[in-house]
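These are the structures, in structure tokens.
Both complexes below contain subunit A, partnered by subunit B and then by subunit C.
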Partner chain A sequence: MVKLTIDNKQVEIEDGATILAAAIKAGIHIPTLCYNEELTPAGACRLCVVEIVSEKDPVTVSSCNYPVGEGMIVSTTSEAVIKARRIAIEVLLAQNPNSSIIKKIAGSLGIEAGRFTIGKDCSHGCILCRLCVRTCQEVVGLSAITFEAQGLERDNNGAHVAWDEEACIACGSCAFVCPTDAVTTVDEGDKRIIQTPTAKMVFALKACTKCGSYYAPEKQLAYMAKTANLPLEKFDLCMDCRD
Partner chain B sequence: MSEVVFSSWGGQIVDNRNGQSTVDCDVQVPLKCGSNVIDAFMSWDGLVINDKNINVVALARAYIKEAAKLACGECSMGYSGFQLISGLLQRITEGHGHEGDVELLHELVDAVQKNVKCDYCANAVAPLKDAIKNYRVAFDNAAANTEPIPPVEYVKRVTAPCQEACPIHQDIPGYIELIRNHRYDEALKVIKRANCLPGVTGRTCVAFCEKNCVRADYDSALSVRALKRVPSDLGKQKPQASAIEPKTDKVAIVGAGPAGLSAAQHLAKLGYVVEVFDDQPIPGGMTFAGIPAYRLPRSVLQNDADAIAALGVRFHPNSRVSQLEDLNAQFAAVLLASGAHVSRDSGIDNWEPNLNGLTEGVKFLRDISTGKAIASKNKVLVIGGGNTAIDCARSALRIGCHDVTIVYRRSRSEMPANDDEVEAAEKEGVKFVFLAVPVKILALNNELIGAECIRMELGEPDSSGRRKPVPMAGSEFTLAADMVLTAIGELADTSILPINKVELTDWNSIKADKHGKTSLPWLFAAGDCSSGPASVVEAMAAGKRAAMGIHGYLSKQSIVSCEDGQLCGGFHEIGLSRRRHGSVVVPKNRQYPNEKPVSERILGFEEVEECFDVQAASREAERCLRCYRVMLIVKRQG
Partner chain C sequence: MQNLNVFAPRLLEKAEAFSPGHRACIGCGEVLAVRLAAKAMGKNLIMVNATGCMEIIASQIPNTNWNVPWIHTLFENTAAVASGVGSGLKVLMRKGRIPQEEINVAAIGGDGATLDIGLQALSGAMERGHKFLYICFDNEAYMNTGVQRSSATPFGASTTTSPAGKNSFGQFSWKKDMPAIAVAHNIPYVATACPSYPFDMIRKIKKAQTFDGPSYIQVFSVCPTGWRTAGDISIRLGRLAVETAVFPLYEVENGKYKLSMDFPKLKPLTDYTKPQGRFRHLSPEVLAQIQEKVLQKYDELKAKTALDEVKP
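Moving on, here comes the complex of A and B:
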């Protein structure tokens, strides 16, 4: 176990835990956007910045992926933190000025409108937090969504997130975790439509053999049958018609 | 010195704008690029202005535009921060600046430095901070002005400390970034741009990059070699279609080792008709005949070679070339890449080549590789301290010899073998006798029974910087053995050279320049046959340079040696590893690939090291600081 102090509160937490986890344990709120406790932290949104004041030269770090240290003294409200956090949300606002969650966090930090605009079209709303990428990989167990980055001699379309329609099972987890509604899913009749910043994908839904209601994507059922090693017929009935 | 108008390089300010120097310092940035004077230079460690007419705002605009291309997108502060900075500079230089723009720029630069995920963006914005601070008036005027500022003309260089240390200058941070995002096909493509043997080097490379990894200053270097293996195991190789028109010139390559293969790949990509002659059944040179299969499975080697054959290169296995001049009649140029395979004279008394059990180490390894049956023995002595000695000892265990001892004339810390190789041998039960050397082979009734050795002590440092071992009189002792293997270095075979026509070096290898040119115009040489025994990656680099030399010779063009990703001239001293404004390094332990347990692995030649799994590979790749250095150079015209 490691003892540290966050905003004058003593916290004890297992070695290797992150500062954010320690803050949550101590009941201290740190704003986050790309954090999800089920997933590997990404350190993408930079909102969870805190200051380690016990260092000889105090440093600001992202608390979601920085490990705790014995005797560490952390501030979540210092001047440096507030400054860094405000500009981080302004940068996010520039990427997606319409997102309700970003506007809400900005409001809580006392910012009504950001001072920056990104020259090019960013109406698709994706802020590259990679919650969808991480969820697909780590929770669903697939890699149907990938992060297409820039880099030496790579194309300069800019970093973006791309879907592999073939690998996708249409479970919709990505739309569920997306904080800015850049990815959405709707069921229309016998179809599920997943709309991403770069593509629109349409998947067939399966009808319950008893009541006839469309209850889940066929690809998802096939994937479940395969991973559970069960015959596909086991998934003929919807949840309501199963006894 | 007085040529510098302004410099903030390394954080040290030299300001001669008013005609007098405030600090007298030696700016480490060269003043010339090739034959051109450098007027301005902007990179991660500051800006250097050598011509007072340079418009620093336009320079900053160009630099930020280029630097923004390498922001990876994994954190919004870095990626979007760079885009916002770039956008502000664009409108300022286009004459559409707003009041307060320079203050906004300053705030953004500060925020990027203090709150980004990795080192790249934090370092990359630093010179803009220097520029704004020291040329504030120019920025303010530009923001207020409605006249556009003409852009500067520049050349760009991008490298990284690891990339620069790599003899073939692979884009290491680039493929690590792709591995982090599980994008193995593309990572393999990036690797293959500079490296025709990804599978081989992913397992055996000596990894100069790791010795120059900036991360080593914090916890430990990246596992670059093990990471490189991941895309070669998990990625798919797409055939690389050549866009170049085929040429009629034919090039013969003698030797299908790393040097020959690398040259073949580059020449084939340039459109030449390439034929490779090798006296072994399988391509690979020493990576086939020397490096044992438990370190490099043959299927991996074959895969890498197949990809080169797919470029149209013709292989002639089991074909020993006995006279190079014969080849010259059919081929416009000949590359000698025959390696160093002739064992040095052991200098041991009573060395009787026909005595059963007495073998040269490389021959022993080659016999195992080519599938010859070798009877196991009871007590084996291996003489030497390099990787060949370790490979011999570990292979001897695997053919069933239980008692294997390495005898080395210096101490453990002077062993040229890689540390992890020595550790692996120790774990497997190889014994070591340090500071001793066999002086006489002992035989009884024509049977090998052991070796007489003498103890050594370390004296003054020799030319290699290591302390020279000197025998201690009267310290002779005997080690019993029924097999003795020598691994004391190899020499090039010079017997196939046209007699007295090719100049040799003092150590009897073929004398060749950087681009492989020998004293005969049609003959080029690369790899161990010219450098003496070195490494896979150095041989590949030499092969590539020789390919450029051959291309220059056949096309009668001059060779451009200043490639992208490789610094030339004075830029070598620029201090790429320095981080002036780095981000906070999140502590993370280095990951090592799993290994087969000792009890299992010494039973045969199955591969010892496993590939990282997808998660471990991502975790390890996450540790990379992305130390790309973007350099913007403005050359004086004329």
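Moving on, here comes the complex of A and C:
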């Protein structure tokens, strides 16, 4: 166990945990957009910055991927933190001026309108937080979503995320995890429509053989049958018709 | 509504504001709903709990299941206490005694504490416009004290105070439409939810907290003990109640109705009533009468949503 101090509060947490995990344990709120405790941290949104004041030269780090250290003294409200956080949210606000969650976080930091504008069409809503990419890889076990335009080709105002329609099983986890609703999923009749920032994908839903209601995407059921090593007929019935 | 039942649950928050080890019956739908609601509301919360099952099973001295500040109140003053907590926080923040931050206030109660005994206090709190969320866990009778009828008990259900027998077919009045009463107070957000649709329920509770005013959510909670059903079909019964339109899921945002899920074809009412002991005595004529009323109510609701639907 490691003992550290966050905002004058003593926290004890197991070795190897992150500062953000310690802050959550202590009940200290740090805004985040790209963090989910199930996924490996990405450090993409830069909103979770904190200052380690116990260092000889105080440093500002992203708390979601910075491990705790014995006797560390952390501030989540210092001047440097607020400045870094305000710039981060202003950049995000320029990328995505219509997102309610970004507007809410900006409002809590006292920002009504950001200083920056991109001047291009950013209506896709993607802030490149990589939550969907990590979810598809780590939770679903596929890699149907990838980042494109690596290196110099990458700029901050494009939705450089690509869905592989072949590999996608239409489970909708990416839409669930997306903080800005850049990906959405809707079930319409016998079709599931997944709208990504760049494309629209349509998948067939499976009808229950007993009651006829459409209850899950066919590709998802095939994937589940494969991973669970069960015959596909096991998934013929919907949840209500199964015994 | 999205059907995200396989991978997305792993992405939900893992911290439990309502911890395991409570004393609820096997198969309780209400305690599942409370757990999901507590998860959705986050840590910065003060919970006001009316007397009822959820108070009894979670707070036997010296133990408690709540990991958030929690107040037990009487049946009749839950909403009044919640509005007082909200006002108290406001004053303390204004005087600088506690730091300025967003602290959510929520009140929970059963259908008896909400529709019958606590209605007056709730009506007052909603009318005064306090910022709080009231969640009614509707299991359709006074279950904690031994299944007495309440005004939420559906027509025809047998309870200990509306027993089925030679001279009676059970509950003699129709279920009170509490969401409509809440809508009539012109509050910003009213919704119905069911723990059988956990993502829908979590989304509605999170949404309710964003409004600057009172919000009301009625949660359909299956009670295997009082409804005389098997404990392992609680989730299915919740789904059946929605699929037969006995308890349709909808939300009312600033007076605008919106159905959360619509079905091309509703299931027959008997699918829902058959597994339940409280409806076992009903004759086909009474069932047909109930079916007619259910469809009539659903059509009325659909007419309201059709009026408010904004075409994209």
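Here, the second predicted complex is superposed on the first by the 234 of 243 C-alpha atoms of A that agree within 3 Å, B and C clash if a C-alpha of one lies under 4 Å from a C-alpha of the other, contacts with A are read in each partner's own complex, and residues count from 1 in each chain.
Definition applied: a residue touches a chain if its C-beta (ideal position, glycine included) is under 8 Å from a C-beta of that chain, and two chains touch if they have at least 3 such contacts.
These numbers come from a predicted model, not from an experiment.
Peer 1: Overlay done on subunit A, so just call it for subunit B and subunit C: clash or fit.
Peer 2: The answer is fit.
Peer 1: How many degrees, to the nearest 10, separate the directions from subunit A's C-alpha centre towards those of subunit B and subunit C?
Peer 2: So the C-alpha centres give an angle of 160 degrees.
Peer 1: Let me test your reading of the model: by the given contact rule, A:Gly27 touches which partner, first (subunit B), second (subunit C), both or neither?
Peer 2: second
Peer 1: Name the contact category of A:Phe147: first (subunit B only), second (subunit C only), both, or neither.
Peer 2: first
Peer 1: Can A:Ile118 be said to touch subunit B (first), subunit C (second), both, or neither?
Peer 2: A:Ile118 contacts subunit B only, not subunit C.
Peer 1: Touch test for A:Ala44: subunit B only (first), subunit C only (second), both, or neither?
Peer 2: So A:Ala44 only meets subunit B here.
Peer 1: Have a look at where A:Ala167 lands relative to subunit B and subunit C in the superposition and call it first, second, both or neither.
Peer 2: neither
Peer 1: Have a look and say if subunit B or subunit C is in touch with more residues of subunit A.
Peer 2: Touching more residues of subunit A than the other partner does is B.
Peer 1: After lining up the shared chain so the two structures overlap, which partner does A:Ala175 touch, if you call subunit B first and subunit C second: first, second, both or neither?
Peer 2: Only subunit C; A:Ala175 stays clear of subunit B.
Peer 1: Which holds for A:Ala88: it touches subunit B only (first), subunit C only (second), both, or neither?
Peer 2: Only subunit B is touched by A:Ala88; subunit C is not.
Peer 1: Once the structures are superposed on A, label A:Asn65 by its partner contacts, choosing first (subunit B), second (subunit C), both or neither.
Peer 2: In the superposition, A:Asn65 touches subunit B alone.
Peer 1: Working from the superposed arrangement, determine the closest approach of subunit B to subunit C, counting only CA atoms, in whole Å.
Peer 2: After superposing on chain A, subunit B and subunit C come no closer than 19 Å at C-alpha.
Peer 1: Quick check: in the complex, which residue numbers of subunit A touch subunit C?
Peer 2: For subunit A paired with subunit C, touching residues are 24, 27, 29, 36-39, 135, 139-140, 171-173, 175-177, 185-187, 189, 211, 213, 215-216, 220, 224, 239-240.
Peer 1: If you look only at subunit A, which of its residues touch subunit B in the complex?
Peer 2: Touch residues, subunit A against subunit B: 42-46, 49, 59-62, 65-67, 80, 83-84, 87-88, 91-92, 94-95, 115-119, 127-130, 133, 137, 143, 146-154, 156, 158-160.
Peer 1: For subunit C, which residues are in contact with subunit A within the complex?
Peer 2: Residues of subunit C touching subunit A: 1-8, 10-11, 13-15, 43-44, 101, 199, 236, 239-240, 243, 263-264, 267.
Peer 1: Spell out the residues on subunit B that touch subunit A in their complex, using ranges where they run on.
Peer 2: Per the touch definition, subunit B meets subunit A at residues 69-77, 79-81, 83-84, 87, 90, 104, 107-108, 111, 114-117, 158, 171, 173-174, 177-178, 181-183, 190, 565, 584, 586-587, 628.
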